[in-house]
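Each of the next two complexes has chain A plus one more chain, namely chain B in the first and chain C in the second.
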Partner chain A sequence: MTSAETSAETSARPAAVPRPQPAVDTAPLRALRRRRALLQVACWVVTAFMVVPVYLIALAAFSSRSALNEFPLRFLPTSFSTETMSTFLSSTGVLAGLINSIMVGLLTLVVSFLIGVPAGYAIARFAFRGHDQYQLFLLFTRALPIVVLSVPLAQLFLSTGVYDTPLAVTLLHSALALPTTILLTSAVFLAVPVDAEEAARIFGCTPVGAFTRVVLPLALPGIAAASIFTFVMSWNEVLGATILTLNQRTLPAQVLSSLSDSPLAFRFAGGFFLIIPAIVFIAVMRRYLLNMWGTTIR
Partner chain B sequence: MSDSFFSQPFSRRTALKIGLGAAAAPILASCSGASTSGGGDFTFLSTQFTPVEEKQRFEKILADHVKDVRVSYNSMAVGDFTTQVKTQVSAGKVGIGMVGGLHGDLAPLAENLEDVSDLAGELSGAGIPKELWDLTKLGGTKNAYIPWMQATYVVGVNKAALEHLPSGADVNNLTYDQYLDWAIAGRKATGKPILGFPAGAKGLYHRWFQGFLLPSFTGGLITTFTSSEAVEAWTYMAELWKNMNPASTNYDNLQEPMARGEVLVGWDHVARLVDAPKDKPDDWVMVPAPIGPKGLGYMLVVAGYGVPKGADKKKAATVIKALSKPDTQLEVLRQNAFFPVVEATVPDDLPPAVKLESTAVKATQGASKALISLPPVGLGAKDGEVSQVFKDCFTQICKEGAAPTKVLGAQAKNLQRILDEVKVPCWAPDPVTAGETCTVG
Partner chain C sequence: MARARRTRAVPPAYLLIAPSVVFMALLLGWPMVSGILQAFVGPDGVTGAYLQRMNSDPAFWSAVRNTLLLIVVLLPLQFLFALVMAFLLQARPKGHALYFYLWAIPLAVSDLAAGLVWLSIFTDRGYLNSVLETLGLGSVSWLSYENYGSMFVAILIAELWRATSLVLVIVISGMQGIPKDYDEAANVFGASYLQRLRHVWLPLLKPSLQVALILRTILAFQTFAVAQALTGQDFPVLVGETYRWYTALQNPHVASAIAMVVMAVSMVTAVIYLKTLRDSTKGAS
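And then the complex of A and B:
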């Protein structure tokens, strides 16, 4: 279009009858909106899938016992009562079990990371003979059922004096968690570019320095994810903990058999109490997960 | 490299982090953990009173009635219980002071328990019935445990169901036929089944066959396993099952479905019925199990306490004696609905639900046609397998509709194989011939 034509058109406009505008193609915009709406719906569905069971347990845990016998059950908190919950919490060993469980969970985290992170780094960075076989071999500890492992372990722990301590359970849980810790962290370290590490070395870092200053911060989100795995595994493990302890049990070992024989109200109270710490831990770790989203979690 | 990592200046934050990390591990490791069983110096490991409130009540009884020893009560599922005792005894380091459980829980541990015959001698004046003492010998001559408490099974009835009772039937003297007619009439009148059955994974329904249905129909259990009366009993059972609440396969106990109003009539263990009438005791009655052609078959549930090998027997004896006092035993009845084994006058001031049960238990034991069954004696670890035979019969005949004759013939072989392995004589209600392996009839 030339400038003359443009000016002619502009000057002619006031006199002209308004012409019908060419229809704007809104299809891409609509598609975009639809996709966004669907994404929102999907988010809500996924959230509901996670939250509704937790809500129902919480609701039942704080309802009066007679309300639980009604049919149909209410979906809104109409008969709030802390009676079941407080009876459950005041029973012998629940709070002590909670302390033990947290202690075991954190200790397991420390032990399995002290061993697992260097191992994961080695697998990721170094090619050595039997590399692949070693990775497969790692999974073998998970191939044996805990029940089979724990009875001989209990005998060993009894004779060495470790039996019935949080340390005993920690050792078992660390052994169980190590394969996943090693394999997860090695995948994380693979994603950290070697160039960055080499650059650090060129600028004067020692190998240890390059690892702690460059690789570790980049790998942190992945390690946080692995820590959630480890902690939740330790928190949920019952069989081994039941056999390796007697008077210093972890929370699930302490309450699980008791709850399965208890009235419904207590099962809800216990279930609710059992999921809270794991959710709190995940919520704390989530910060680190999202911290550097996109660096090593892909 | 000239400046090593360690020569670089640390920020305070880094130093703090490293310090915390280094300190946390030994601090956590040096903590010995918190005691989850009350911190007593004597562990009473048990399979009984696992539910939250029952356990709390029993802990209180222990604190009030056992003064000389501070007992920590530790209750767990049977499987864990067995593993714990066996591992500790075989490792030679026993941290358990004494064990408590049902006859069937203790029998598999026979080799791990101390001979308590001397303690049995000391308690011989307590009025514990002879058949209970015989049971504690596990087929041998020495007492492996001391009877602790007993219970049985009764039928819980919501008064709303009484209007469907067939004419001429007395709820306290029901026959098996009337029980069935009642179930049919109730189902027809209300449009849904009124009868429940504890046939869940942890339900005790195998005891119904072992101690109630089959002895009442056949007069025996093992020796009459394939008899025509047994076929009749199983045919009856198939008919009864059709009139039961189909959700019964989910019921581990009947007190909860009863309290919810799902089940109006049902047979179960007294301890698993006691919460049904809790809120409205006036709406409920408890009655003996039905009467069959051969009598009112009922099974005795016995719990006992033993001392694991290598434990402090003297301390255990103190606790056992304190728990065997009539006062303590009555307190257990009042709180947790298990009946005393020692001679004790049952008081009138029992809680309503326990009073209902006490009446039903008395009526059962005092009935002229009463026919007592014991839990399998001397089977040890095979106890569960024998129960499984009866559960399998139920599944095949009642749920899958197989012909009773065929099923019983096949299961008889299984049963005989188990009995041949353990070589035990028959037990009540079958005729007991010492030294002769029980033969399936």
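And then the complex of A and C:
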């Protein structure tokens, strides 16, 4: 009670007392100011911990070879050079890995959405027997470690001739992304009003027509957000991609498998290059982050 | 009329989920079963030889120890850090949208990239030693296999940096679902900020924290690329051992056996996860 009272008093006092009063108690105001200042300082400290490493890897990736060999290293971008980055990009397997990574990411997107969107729609719109079990099963698959799947899949793909192709990695990534895709799209479809769909049906649309003409356009922004999520998941996955390929590496797999015999400059450039999509992705997805990671798929 | 037809035909929902069920059975279910077989069945039938081989490898037990130690130390720190971040943002400092963006970036950073980022800091001629050298304190080989402690701390910090954002996002979205009334009521009745944290916010955030905790536990059992990028094989972890047995030692059987260990602990955690999730949704509705 006391804190509420004092704060109410201090704010009310100037209005209530007409004549100037020298002994106004400014302590609560000062305490408030001090708290705001402390809050900002704490935020800066956390931000420094989160951002300085990104700055440093960017600095390392854009320093020349000779600057990276200096010790102590410089902390300001005084020797900006694209030498390290261009050496990385022209190293064996990096460009091919980049192309593979993008291809696998896009293919994963297509496969997981072709299969996942109908299932997400079914969860959102139909009450069917096994509905809850199916949803639980989807959550449960999140506990399947990638490493458990990769080794047997490698054997299967070896015997069917799919091993060491972007298709092999795509299949693994699609399987990994599918449960998430289904849960995300079902959340998106739940947000589309049923009324709109029913109205379309009344005006003569077939179920498929109502879906493609009314529901899909309304759901598209959410589905696009979910698809970026899928792409980033595929871009980041390294263990399965390394086990399932030998020559047709994706970019992270290429970086991982050449870790032990590559110079530090190569690893720094690789680290920075792998981070770029993350920075862009979070910037684009800020609005969706809480819904996607926070509630739907947690 | 349409209704009469529909009762006889397969319900549309099943047609819509059928492809996903088949796909997951083939690419998630089948590998799981075949992985179990691979771990326990050799050329001459069922055998425990692969488990024995795994068991007799000293690197396996140090991998178990390292993985568990990492989880035990990392998770409390991570949750403390995430809660601090969440409550800082909740106080709505100036520029909180920008802070949230910057703090969320690691959410989309892969473990390999995170390991490489911190490699640039902890490596012998890296940024941390550059600071120490400039201050005249001399360098330390943080990632040398002789310095187990500093190696562990380096991996710990890298994981703290990379994976705390996930907890943060879950906690913040949990916070958004909590009406401000409770906090205001406690405030009116004179509860201090710390009292409100302890008796209002934390109990209300419990479901979110439980979910985040179990999700993070499952993921922490799969820690791999961070350790690989920072220390190579000097700090063995469970998934790293699978990778080593499969690629360097070319023995998919032992690799599968270790993978089964990872899966078993993940499954146990997942069962707890689903139970708490159900309980918390029941409690909410």
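By definition in this document, the second predicted complex is superposed on the first by the 201 of 298 C-alpha atoms of A that agree within 3 Å, B and C clash if a C-alpha of one lies under 4 Å from a C-alpha of the other, contacts with A are read in each partner's own complex, and residues count from 1 in each chain.
In the analysis below, a contact is a pair of C-beta atoms (placed from the backbone, for glycine too) under 8 Å apart; a residue touches a chain by one contact, two chains touch by 3 or more.
These numbers come from a predicted model, not from an experiment.
Once chain A of both complexes is superposed, is A:Val188 in touch with chain B (first), chain C (second), both, or neither?
Touch partners of A:Val188: none, neither chain B nor chain C.
Scan A:Arg142 for contacts with chain B and chain C and give back first, second, both or neither.
Second partner only.
Would you check which partner chain A:Ile223 touches, where first means chain B only, second means chain C only, and both and neither mean what they say?
The answer is neither, since A:Ile223 touches no partner chain.
Touching A:Phe88, do we find chain B (first), chain C (second), both, or neither?
first
May I ask you to name which of chain B and chain C touches more residues of chain A?
Looking at chain A, the partner in contact with more of its residues is C.
In the superposed arrangement, which partner chain does A:Thr242 touch: chain B (first), chain C (second), both, or neither?
Both chain B and chain C are touched by A:Thr242.
For A:Leu264 in the superposed arrangement: first (chain B), second (chain C), both or neither?
Touch status of A:Leu264: both partners.
Which partner does A:Leu158 reach: the first (chain B), the second (chain C), both, or neither?
Only chain B is touched by A:Leu158; chain C is not.
Give one of first, second, both or neither to describe whether A:Ile115 is in contact with chain B, with chain C, with both, or with none.
After superposing on A, A:Ile115 lies in contact with chain C but is clear of chain B.
Enumerate the residues of chain A that count as touching chain B in its complex and touching chain C in the other.
On chain A, the residues that contact chain B in one structure and chain C in the other are 69, 71, 151, 154-155, 242-243, 257, 259-260, 264, 270.
For a test of understanding, state which residues of chain C touch chain A in their complex under the given definition.
Going by the criterion above, the answer is residues 11-14, 16-17, 19-21, 23-24, 27-28, 30-32, 34-35, 38, 84-85, 88, 91, 93-97, 99-113, 115-121, 123, 125-127, 129-131, 133-134, 161, 166, 169-170, 172-174, 176, 187-190, 192, 208, 211-212, 215, 218, 221-222, 224-225, 228-229, 232, 239, 242-243, 246-247, 252, 255-256, 259-260, 262-263, 266-267, 269-270, 273-274, 277.
Which positions of chain B touch chain A when the two form their complex?
1-5, 8, 21, 24-25, 28-29, 31-38, 43, 45, 50-53, 55-56, 59, 72-77, 80, 83-84, 87-88, 90-93, 95-96, 202, 252, 256, 259-261, 275, 279
Residue numbers of chain A touching chain B in their complex, please.
Contact set of chain A toward chain B: 66, 69, 71, 87-88, 90-93, 95-97, 99-100, 103, 106-107, 110-111, 151, 154-155, 158-159, 163-167, 204-206, 208-209, 212-213, 242-243, 246-249, 254, 257-264, 266, 270.
Report the residues of chain A in contact with chain C in the complex, numbered from low to high.
Counting only chain A, the residues touching chain C are 1-4, 36, 39-40, 42-43, 46-47, 49-51, 53-54, 56-57, 60, 69, 71-73, 75, 114-116, 118-119, 121-123, 126, 128, 131, 134, 136, 139-156, 171-172, 174-175, 178-179, 182, 207, 232, 235-239, 242-243, 252, 255-257, 259-260, 264, 267-268, 270-271, 274-275, 277-279, 281-283, 286, 289-291, 293-295, 298.
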